[in-house]
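Same chain, two partners: subunit A is paired with subunit B first, then with subunit C.
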Partner chain A sequence: MAGFDFFRSRRPGYQPRTPAAALKAVGTGTVPVEQFVYASASAKPLDEEPFDLEEIERVLARPSLNLQSSVLLKSVLEKLIGSKDQEVALFGAEGVNALESRALIRIEKLRTEMKTRPGGEVRRKLAREFFEMAELQAGSESVRTFYLLEAHTSLCGEEGELTLSRADLPLAIDILVARRLLEEADQLLARVDDTEDVEVQLMSARVAFHRGRYHSVAETCRALAASGAGVGEKEKRAISFWADRDA
Partner chain B sequence: MPEGITVCLLVEGSYPFITGGVSAWVQELIAALPHVLFKLFTISPAAKQVLRYELPQNVVAHRDIVLNEKARSRGRLAGGRAAFVTAIRAMHAAFASQSDPCLEEVVALMPPGSFPFEDSVREEEAWEMIVTANAEHNPVYPFSEYFWSWKSSHDMVLRIMAEELPEADLFHAVCTGYAGLAAVTAKLRTGRAFLLTEHGLYHKEREMEIKRAQFVKGYQRDMWIAMYNGISRLSYRYADVVVSLFEQNRRRQIEMGADEDKATVIPNGIDIPRFSSIVRRKRDGFHVGLVGRVVPIKDIKTYILTAKIVAGWIPGTTFWCIGPIDEDQAYFEDCRSLVESFQLTDSFKFTGKADVRSFYEFLDVLLLTSVREAQPLVILEAFAAGLPVVSTRVGNVPELLDYDERFLASSKDAEKLALAVRYVHGHPDEMRAVSAKNRDKVDRFYDKTEVFRRYGAMYTTLSGKGAEWPG
Partner chain C sequence: MTPVKEGTPPARHAAELLAFSIAVGVVNWFFPGNPGFLRGFFNPYVTLSLLIAVSYGKYYGFLSLGFSALVVLGIAAGRGLSISAEAPLPLAAAIVEVYLLGIIRDSLTRRDRKARELLVSLSRDKGLLKRQVRALRDANSELEERISRQEDSITSLYSQVQVLGSLNLTKALGAILEMTARFVGATRCSIWQHRPEESCLAFVSGKGWEAAGDTRTLLPDEGTIEGWVVRNNAVFSVKMLLSNEPLARMDTGRNIITMPITAGRRIWGVLNVEEMPFARYNLYSERMLLVIMALAAPGLERAIEFDSVVHQEDINPITGLPSFPELYAMLQLDLARLRVESGTLAVLILELSNLDELAGVHGREQAMLFIRDIARLVQETSAGQARVFHYKSQSQLAVLYPRLDADGASLFSLTMLEKVNSTEWRVKEQRAYLEVTLGFAALSGAEQTADELLEAAQNLLEMQKV
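Coming up: the complex of A and B.
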């Protein structure tokens, strides 16, 4: 390894900005491997101050951001809005608008689609979009509630939860938990016939957790651990955490 | 009778096809100077757009060109292709080294009507320039992506530079960008003066768009931003006078290369009697108004949220949203649903397009929640009509509101805006004094007649005709 002194002696030219670009550039022999090490090791969290505006711009320009990234990005952009530098504040405000506008465009598209294909899949997608819009509104409880209600109405329609299918259940529980309608969430889960459904059991444990019924959470997790049910890594960690608790 | 002045007015992406602040300003400028003949040169994204303004009688010519459309070459490059490419290369080197690029040579080699779309890539030196630049900036991604970005950006620049502009005594561009570039080229070809007016800052607006765009990726983003910065710098460098609406933007223009002595501020102005003659009539309850289109940039959702907070504090308040609702249907629907959800349907009114003067008669406060503004005319109108104003801290608004933090809030800060509205509600006597001071400010600095008189005087000076300015 030539060492990192190349940073001092490097000539102007291509400078990869992301670890992915650096890796690609190392592969083509365009930059030394240290450049990749530097790009990947010096990455700092998006929400760490002072903010890296270039990185924020890059993330904002990504076509498909998941909910967690959008929420994190919005929290950073909201901090920028308060900046004394008007240009930075403008960037923050327009960034928030851009995030919300993209969601609105998707919502409008799904609404139009609902007119021709009013099926469960489109309805679920529309409700999911509203739910994610709600999650983006952490700073304003009333706007968040508005979008949660929109999500609920989109998913359940006029008839309420009675019409929900098994496929609707995870999103319905997400919405009810977010609205703190925990009794309703429990009632909804109680209507599921298949008592062996692992996902339903995990949802029950989640609702119990939000209701402060930790004993019930531990019990469900122990049962799941004993049955060796096939679950993902994240769930496995939660199950193991709770199953090991004392009753 | 002095000889008339002919001005070639260069406008990009607005007047007379799109309504908005800049378009309204252009229309008023032309109408305010009836003794000046205007030849319009407009740059559009698409052909055959519908005119949204009736052109005043002193518009004697109008030529519209479509930026992306290839024109047929009617001439040949002077000095040949190789000399032209060498000049282009020198210009790129100047941009890269942050020094002032000289456009004289490129323009001299490029007679009007010679569109060198193909020459720019067929010449060996040009090809080598592209390949070298690709190796430097974009070595790990497909060359084709770099090539087509390079080609399309250069095609647009060359398209503008090769255009033959109408004959005129001076060239007045209403932004930098392609309109400014056309004016620079015209100035270099004819020796006539170039006046630049910027309402916002073109390169900053483009930068913001590019950064937000999801379809412009990686190095292409840097390239487009650098190009828009580059052509703005050319405008600042070659303009004989650079006008901005307020001092902060003037400083930015100077930072980008405008000569400090040539950079001046001429604010927006309004028809003062039209608003100062409004007879204010107190209506029952408290009335808050926002004048603007229902679009995300005006952040109507923050207005609605502010309304919800204020409604809890000041019962009987009515909120008016005065402006077109049909520009962004999805956004309007979302706003309307939000009003319903907040149970504000009875107290929050979307008026659609309306005569604002009838609202200025009874509004108790004007609220502006925009995330972006330059120098909002609605604030000046409200001042002239005697209304207090609460606003987000954007563009020139803090200066207009005397940096008075009681009436200012960060963008999207509904609670602070609501507090400011509550302050206005709770201090009617003080608001009368504030409004009198604001009205005086408008009288002194923001009179449209005076603004356009200054333009008339500049036209006279820059055209070198010495025609007397009436009045």
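Coming up: the complex of A and C.
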């Protein structure tokens, strides 16, 4: 295969360590494109022990990490805090601090923006930031609850006085499920006009699942399976599993 | 003179050209003897037409020439002169020159337009390419992140399976829960050990239990789904509630997937998934759990066997007390349980400081019998609540006393010291004096490990000796 010639004919020279560096090097013609493909596909899982501190630092340096990566990174950094090597422990503590400070700065910016330009979009962004901050606090239940409450307040108002739009609904359900306010989640979904909306039906099934109303989950999934609604791969698996009477 | 812009009306240009010709004609009016500037080397009319041809193209050049000819004819008529003999040659030369310059100009204009079009096209392509590169870079970053966080990778599974080979039951159970969380997405899961002699299942390890309000750590093996799984050696999945009425009656909302854990031929306990995301509850997750349990079975079986062998062999033949490893394993299980129950526990370490002295006088076996008697005294004083183990040296005993806080432990220690000192210890009518020192630690609100708790008790013991 042509791709393997790259390894056979490789000469000593610049070897980019990361996929991003390899991509830049390909752009300048310093290394062949195979180097980028190889580097991209060979990234080591973050939480594989022994931990690769350079890799962790590199991922930590990214300004826009998504929630899943942030949660994983924090769990790895928390493991590092327990290290006997003081430098590694300090690196872990600083990393956690950096991760949380970054989120807090974003929250502060959005709060300021809310004062000058209050609106649904900014409100939703702020609530999303609080929700993600809560998800980062998996090990500390009280802090997590605090941020979930902040997320709820940002989205729905102090006493739920704000009217939620359709775009607010998924986040509102995420927050209510995380706070285990399943009855409220059900009531919120019941107020949605468009009962044929696939996403709303999936949310209903999800809330029913957490409430232990499995007959309702099965019914919703059968209806969704019968309608052949276009959904993601994960949801498709869950729907077909519940819709299948024999499984 | 401005170059012709595309889209400018031809009539406006024609008017402009006429104006230029008239302007030259006005100047020509003041040269009455030379209408059309036909005499001499320099002819402004021809020059104007050439400039027009270069700037606007050959057709405008011809038009300018035409206008100039009309103006010159007008001037000649006005002055009453005839130019028919002198005009044809310069006019013919001007026509040829305008034509040639016009062709050259058109050719250059075409080339220029093509170059501009190429530049626009290249610029557009470059912009498009930049956007594509940015999108690819973002996609690469996302893919790279996905690879970096591949929690459910085979290498991760392999690492956890390796832990199962450590013969440490606590670690092995932790590894099973870790795999369940990673590969199935369980946010709350636990392992329960079946105790047939007590007809119950006891909580031995859990993940995600800190956040939950459920504090039950013992379940009956009758009338519960966990018990049903043990008795039938069958997997329970919450979807079964839709079609199985007896199971639906037993359901308390605690079980989503419950799997038996086998050790050899017997069912050792169950793995229970209590919470997981809706989207992750599917056939794949069920099969994944079966794979995890199949991979874990050999290692777990060895760890359970090792644990029971250690449990049996580590009984001191003289005192009948279990050894330190047993204490450590028991303490870890107790701590895991207490984290769920939010209960308290005290650890006491007693040391018979003059054990060697007593052994020298009465013999080693008799000295060890004093240790046994102290242990019995502890159990009597605690009304059977405390469990006594050997600690790190032969002269030390460790006591696990559940539901006892720091104040209670302090009081119990004083009582023990008083009882040891007030008891008349005798060997064959010969009086013996036992010197006992004591240190203790109680589980505080903060999360403490077994090591931390033992170390705290040991530190206090060392301080008593000073």
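In this section, the second predicted complex is superposed on the first by the 202 of 247 C-alpha atoms of A that agree within 3 Å, B and C clash if a C-alpha of one lies under 4 Å from a C-alpha of the other, contacts with A are read in each partner's own complex, and residues count from 1 in each chain.
Note that in this section a residue touches a chain if its C-beta (ideal position, glycine included) is under 8 Å from a C-beta of that chain, and two chains touch if they have at least 3 such contacts.
All of these numbers come straight from a predicted model, not from anything done at the bench.
Touch criterion met: A:A98 reaches subunit B, while subunit C stays clear of it.
Within the superposed three-chain model, A:S227 lies out of touch with both subunit B and subunit C [touch as defined at top]. Of the two partner chains placed by superposition, A:Q187 touches none, neither subunit B nor subunit C. Look at A:R62: by the touch rule set out above, it reaches both subunit B and subunit C. Residue contacts after overlaying the shared chain place A:L72 against subunit C, while subunit B stays out of touching range. In the superposition on chain A, A:L149 makes contact with subunit B only, while subunit C stays out of contact range. Of the two partner chains placed around the shared chain by superposition, subunit C is the only one that A:F209 touches, whereas subunit B remains out of contact. When both complexes are overlaid on chain A, the residue A:T163 reaches neither subunit B nor subunit C. Residues 27, 62 of subunit A lie in contact with subunit B in one complex and with subunit C in the other. Put simply, subunit A touches subunit B in their complex at residues 12-14, 16, 21, 24-25, 27-28, 30, 57, 60-63, 78, 81-82, 86-87, 89-98, 100-102, 104-105, 107-108, 140, 142-143, 145-146, 149-150. Residue ranges on subunit A touching subunit C, taken from their complex, read 19-20, 23, 27, 40-41, 43-49, 55, 59, 62, 65-66, 68-69, 72, 141, 144, 205-206, 209-210, 212, 214-215, 217-218, 234-235, 237-238, 240-242, 247.
Those residues of subunit B that touch subunit A in the shared complex are 135-141, 204, 208, 211-214, 216-218, 221, 248, 296-297, 299, 301, 305, 308, 329-331, 333-334, 337-338, 341-342, 371-372, 393-395, 410-414. By the touch rule above, subunit C contacts subunit A in their complex via residues 133, 137, 140-145, 147-151, 153, 155-156, 159, 210-211, 238-239, 241-242, 251, 253, 278-284.
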